[in-house]
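One chain, chain A, links the two complexes that follow: it is found with chain B in the first and with chain C in the second.
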Partner chain A sequence: MSTTDAASGEGRSLPIPKPRGRIQLQEYALVGVVALILIGGAILEPDSFLTTDNMLNVLRQASVVGVLAIGMTFVIATGGIDLSVGSMVAAAAVAGGQLVDSGSAAFVLGALAMGIVLGGINASAIAYGRVVPFIATLAMFTMARGLALWLSDKTPVSLFSLDGVRWFGNGEVIGIPSAAIVFLAVTVFAWVLLNRTRYGRYVVATGGNREAARIAGVKVRWIVFSVYVISGICAGLAAILVSGRLASASPIIGNLYELDAIAAVVIGGSALAGGRATIVGTFLGVITFALIFNLLTLMDLAVEIQQITKGLIILAAVLVQRRER
Partner chain B sequence: MSIKHIAGALTLSLALGVAACGGDDSGSSDSGDDTTKEASGSTATKSEGPVKIAFSAPGADHGWMAAITENARDEAEKLGDVELKAAEGVTDSAAQADQVETLIAGKPDALVILPNEPDALMPVAQKAMAAGIPVIDVDREFTEQGAFRALITGDNYGIGYQAGNYFADELKCSGNVVEIQGIAGIPVTEQRSQGFRDALKRKCQDGVKIVASQPADFVPDKGLSVMENILQAQKDIDAVYTHDDDMAEGVVSAIQNAGREDEMFLTGAGGSKAAMEQIKEGGLYRATFLYNPSMSASAIRMARLIVRGQGFEELTEPEVPSKITVPATTVTKDNVDDVMNLGF
Partner chain C sequence: MTDAPILEVRGLEKVYPGVRALQGVDFDVLPGEVHCLLGPNGAGKSTLIKCVSGVVEPTRGEILVGGEPLPVGAPSASLKRGVATIYQELDLVEDLTVAQSVFLGHELRRGPLLDREAMRRETIALLERLDHPTIPPNAHVRALRPAAQQVVSIARALSHDARLLIMDEPSAILDDEEVETLFGVVRRLKEAGVGVIYISHRLDEIPRIGDRVTVLSDGRTVATGLPADTPQGTLVEHMVGRKVDQLYPARSAATGDVVLSVRGVSGAPMVKETSFDVRAGEVVGIGGLVGAGRTELLRLVYGLDKPDTGEVYVGGKRLPAGRPAAAIAAGLGLAPEDRKSQGLLLDWSLTKNVSLADLGRFRKGPLIDGRGERGAALEQLRALKTVPDDGERITRELSGGNQQKVVLARWLLRECKVLLLDEPTRGVDVGAKSEIYKVIADLAREGLGVVVVSSELSELAGFCTRVLVMREGAVVAEVGGEEATELELLRHAVAPTDTQPVIAGEEI
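Moving on, here comes the complex of A and B:
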């Protein structure tokens, strides 16, 4: 689903051209890709790929990068980028880990708080400091990693006793992994936010044409500020999910998560330059990569093959986008 | 905008402040050492005054690497007459080469280096040697003899070989094994893999099958996802051979989450405290193989001896040996208490 166009109704509305056709094609193409992978996997690994157990496993694994990718969608929709999400996950996990003796709730709050703080720093630098997003988040990429290593004294904290946190990573609700439920909930919430609220329209408008949006009355600085905070919150959430599964708050996790998140957003159909965003596309993009990683590991293929495959898919997705213009 | 300028100035002073506070000064004192054994060769020896050692290691992105740098610093402080200048924190070889160049320009008495990639750092090491600065190579071996004066390394092949022997005995030469490697393609990984396979082949011929072999980059979250997927593919696993204790934590979580701890046993490598504690408890984590980051502390000692023109007291030869391989001790429940103090 793409962004809705200017409807009448609540207050100011913006005449945003609706690129519905293009994004829908992209999403259908991605559904096709997912179907292809499922069929291919069923043929190549008949005993282990298409089982309920494995599919739930894939969903659980996809949740961490998935949550990050949803946040990244908002950032990319404004024409920005966030290279720091992986490191922020580590920093948030470590921050929560420092509170391990105070219980699961403290861990959750600590991780989210760190995510908000770091996201806020990115947001301030970009929205008010006028630093280019690439540079600002690149700086945070190293700072957050350093912060994680420093706060944790380079040693992981065991979360074995925090049953609440471990439930997030590993629990189930009527058979569905709780991590997947969090991912799905975030996806639904984000879809509503992007497609059914004024805020969502403003986000896309800011990315599409910042000057026009500003002139039309959108508080673009605040919009830009907010999306990086969203990204930070998502990093905090992702930290909870992965630490729960690991039963450990480790400062060295999160390597290159940002690239996975960005790749998922791009192949989902959101424009890297901003102005066009699709939550469903991002969701499908995340699932696509998770399925590929899963299938190639099941087949015990060399990691180089996985990387080449991933790269080719990203390239193909971008080429398909270009052809539609 | 003036606010931007103030913010910029504040950020810069904050950065300088962090750098200053984070920097390390090890004390130096006049040692009054006698030169009991003269070393021959082009390196000038220094019998008095502080020994200035430059130290370079890749960025501490996992516990083992962090311990390397920490051990070097601690040892320098303990020795008293060593002034250590450490550069660390970069994760790519070109950046490390630049750092080493800077260190060499400060004219240290010796250079202790753990090269990110030996081939890429050889030119700058050769440069140091040519300038009369002895180079002590830690862990990752330079292939050109002229690039270093002394080498101290763990025994990667030995880890693999001992692990293979251990598995052959424990599994009585029959079963399915999963291998979780570190970073694919580097010599450490190749040697640990090869040693493992060679030992298994020698002892069991084809009795033990390696049913899956995937890298997990020495980090626990990758170990977790990779093992989760392998658990889906392999319904009958007898043992898991991992290349690193830190990474193994993630693998252990995956196995525990799937409820399959009783099906298999697991070994790590390196010798982390967390691993040793689990080995002591017994259960899934059965053994690890020492690859001790204490070798950097030994490297500092070697550097100091070389600069002072001395050798090892226990050896007859007057000079420090050029290659030392630290043995990879197998740590199991039987001997874990003896080596607990070495855990990092």
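Moving on, here comes the complex of A and C:
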């Protein structure tokens, strides 16, 4: 039988140029955007923008939404969405605040535990209750906020006595803000997890083609469950960073953080439909927003201008994504 | 046939960046003629259709419809000139009713409002012309069987006063009985003077429905105007440019113990209590009409759906119900019916698709050993003669036959004991089909148990050790491979009094 010939017969489709990954293109595009902002900023605000201090400040400012966006990347990789992260930040901060008399470690554990529990409720509803992620996390969006207000009796708790927690917000290690270090560490860990482990492969497979992943033996429900728990943990972590910075556990923090996080993931190039996710893109997306916010603030431009700029960036990024398709 | 041709294609060329999809195609279609278009995957059939239906603009050459040149790159202009296309994946909106679907995009109106009564009337008239008056115009498309959906698609084309109808593999989603119905419809169109371009990979259909045949290969017409009774061997030679000695490999025989044992498995509403065994070295075919419950049976065995009753044993060990991961751990592998939507992650590299079911093998601490993964995947891809044998290629770019090999490579890597293959050659051209048969036979010879579900009874008869025939959710016959003929299998698959219901699921 001349099967090899038949094979080469099919091989006529051979001369296809090696595909360049869309994700890579977009990551490079964002590198360009970041460079442009840096150059533009250096020209517009030569004294204050491109300084080590200011850049470290940008990293610190980016860290809270940054940590949330990293968690959100896992959720979006499965084709889901988590609208509740901002509210979960408040609930986690308040939960830690309840333990203010037991020290910094108790605060940290309390905040993380609340993140895990709330994320776990999202996860159970979505993975096992088969509630659509948008709806399940919309419910949690209002529930977690209510929980935060209720537990705290609508009053912030001062964390001034907790040096450990305040270190997360204001401390430094060899000149680098500790919040920035946490953000970078989370980013690196997440990159390895998503790109170099079996778990990460399964996450993207679940978002890319749930049925195909299941047929290949991926326990897709467990994967879907896990990403919402990850998002909850990230909310707990973000709560620690923001509470440390404010030296207070407030029930009203985190408002609209979920949208900032989603926006960063989307301009980073991850597909909202799932199956295509990039940690580097998310990181650059977070940095892009933080740099622009910082630059416009230095230029004394009003908040409304910043909001318009942000909207334009989101739109432009998504249009670029469409054209590449 | 003295009529002027409806369609004339002269020297058609289409160049995409880096690819010459068409490099000189000539043929014509006469009124009332069914012109079959043949060619291996990648021969340029789809591009040709897209040019004629105005979806893409040809680079060179001309397309004349009714003697006048077709405006290029304008689907609506083609439609206006009476060229309608029925795509392989039916482009119906499932939530619309039949009447709404037929008039989608050119709704009849009375003033600003929809004239629903007129559309209903017109739809009934069209369906009557197609000899399908039993399809209710107010039924939702979703509720119809695939064959009936296809008739709706054709009715829609007629509602545009189509003079030339292009049908892209219309029989691929139909079973043998439904194909007969389709042929009835096509003959009606012929009588009405409509010209039909009929694309199919099933060579046995050509003498039954076609008038003339054109063969495309490598973007060129290699033969045109052949009579429909041209011997299959000659057609295949034209397609692959050489002689195909033998379509089917030798039958394999059971060489070992029972590796898969299915005991009284049922799952309402599609599968009644079913039992069968598969021995090592066997290729067991499961035939039957579409809707007989074959795919559903495989899903139950594999644990994708939870059975109502019964047990599945692999290598003597009972599988927990409804857990594909456990089935895989026990040695099962499934190549699903729809490679694209269920089998593969099309945007992933070949390597990643091959390794997905067996990533645990490449553990290096908590990480994946990328080099080991690429090497092992490549080894399996090469063993199956996958083209291209470059693991970094994106799976979407491969032809259907090679994509199927990627799925098979996954299970070879996993060293599974029993392979369940659902329609392994669907959408695969003749040359690649015979390769896949050979791969399956080789796997069986190496000691795997293989189960093959297929709608093409001829291929089950061609190389299976034995064939089970399903009808209405139950295995109604078992035929030894040597005795199996297409006719014999079809006789079991069709109940004597069975009339084809229009609404899906009505028969159960």
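In this section, the second predicted complex is superposed on the first by the 305 of 325 C-alpha atoms of A that agree within 3 Å, B and C clash if a C-alpha of one lies under 4 Å from a C-alpha of the other, contacts with A are read in each partner's own complex, and residues count from 1 in each chain.
What we mean here is this: a contact is a pair of C-beta atoms (placed from the backbone, for glycine too) under 8 Å apart; a residue touches a chain by one contact, two chains touch by 3 or more.
This is a predicted model, so every value here is computed, not measured.
**Q** Quick one: is A:Phe293 in contact with chain B, with chain C, with both, or with neither? Answer first, second, both or neither.
**A** In the superposition, A:Phe293 touches chain B alone.
**Q** Tell me which partner A:Arg221 touches in the superposition: chain B (first), chain C (second), both or neither.
**A** It touches nothing on chain B or chain C.
**Q** Name the contact category of A:Gly275: first (chain B only), second (chain C only), both, or neither.
**A** The answer is second: A:Gly275 touches chain C but not chain B.
**Q** Just checking: does A:Arg130 make contact with chain B only, chain C only, both, or neither of them? Give me first, second, both or neither.
**A** Only chain B is touched by A:Arg130; chain C is not.
**Q** Report for A:Val192: first if it touches chain B alone, second if chain C alone, otherwise both or neither.
**A** After superposition on chain A, A:Val192 lies in contact with chain C alone.
**Q** Once chain A of both complexes is superposed, is A:Arg201 in touch with chain B (first), chain C (second), both, or neither?
**A** Touch status of A:Arg201: second partner only.
**Q** Under the contact rule defined above, give the chain A residues that sit at the interface with chain B and also at the interface with chain C.
**A** none
**Q** With touch defined as at the start, can you tell me which chain B residues reach chain A in the complex?
**A** For this pair, the touching residues of chain B are 4, 7, 60-63, 66, 184, 211-215, 217, 219-222, 224-226, 228-230, 232-233, 235, 246, 249-250, 253, 256-257, 274.
**Q** Give the list of chain A residues in touch with chain B in this complex.
**A** Within the complex, chain A contacts chain B at residues 45, 48, 51, 53-54, 57, 60-61, 129-130, 145, 149, 154-156, 158, 170, 242, 245-248, 250, 252-255, 293-294, 297-300, 302-304.
**Q** What part of chain A is in contact with chain C in the complex they form?
**A** 1-19, 192, 196-198, 201-202, 205, 208-209, 211-219, 275-276
**Q** Once bound in the complex, which stretches of chain C touch chain A?
**A** Within the complex, chain C touches chain A at residues 18-19, 40-42, 218, 240-246, 249, 302, 304, 324-325, 328-329, 334, 336, 341-348, 352, 356-357, 359-360, 363, 366-368, 370, 385-388, 392-394, 397-399, 401-402, 410, 429, 431-432, 434-435, 438.
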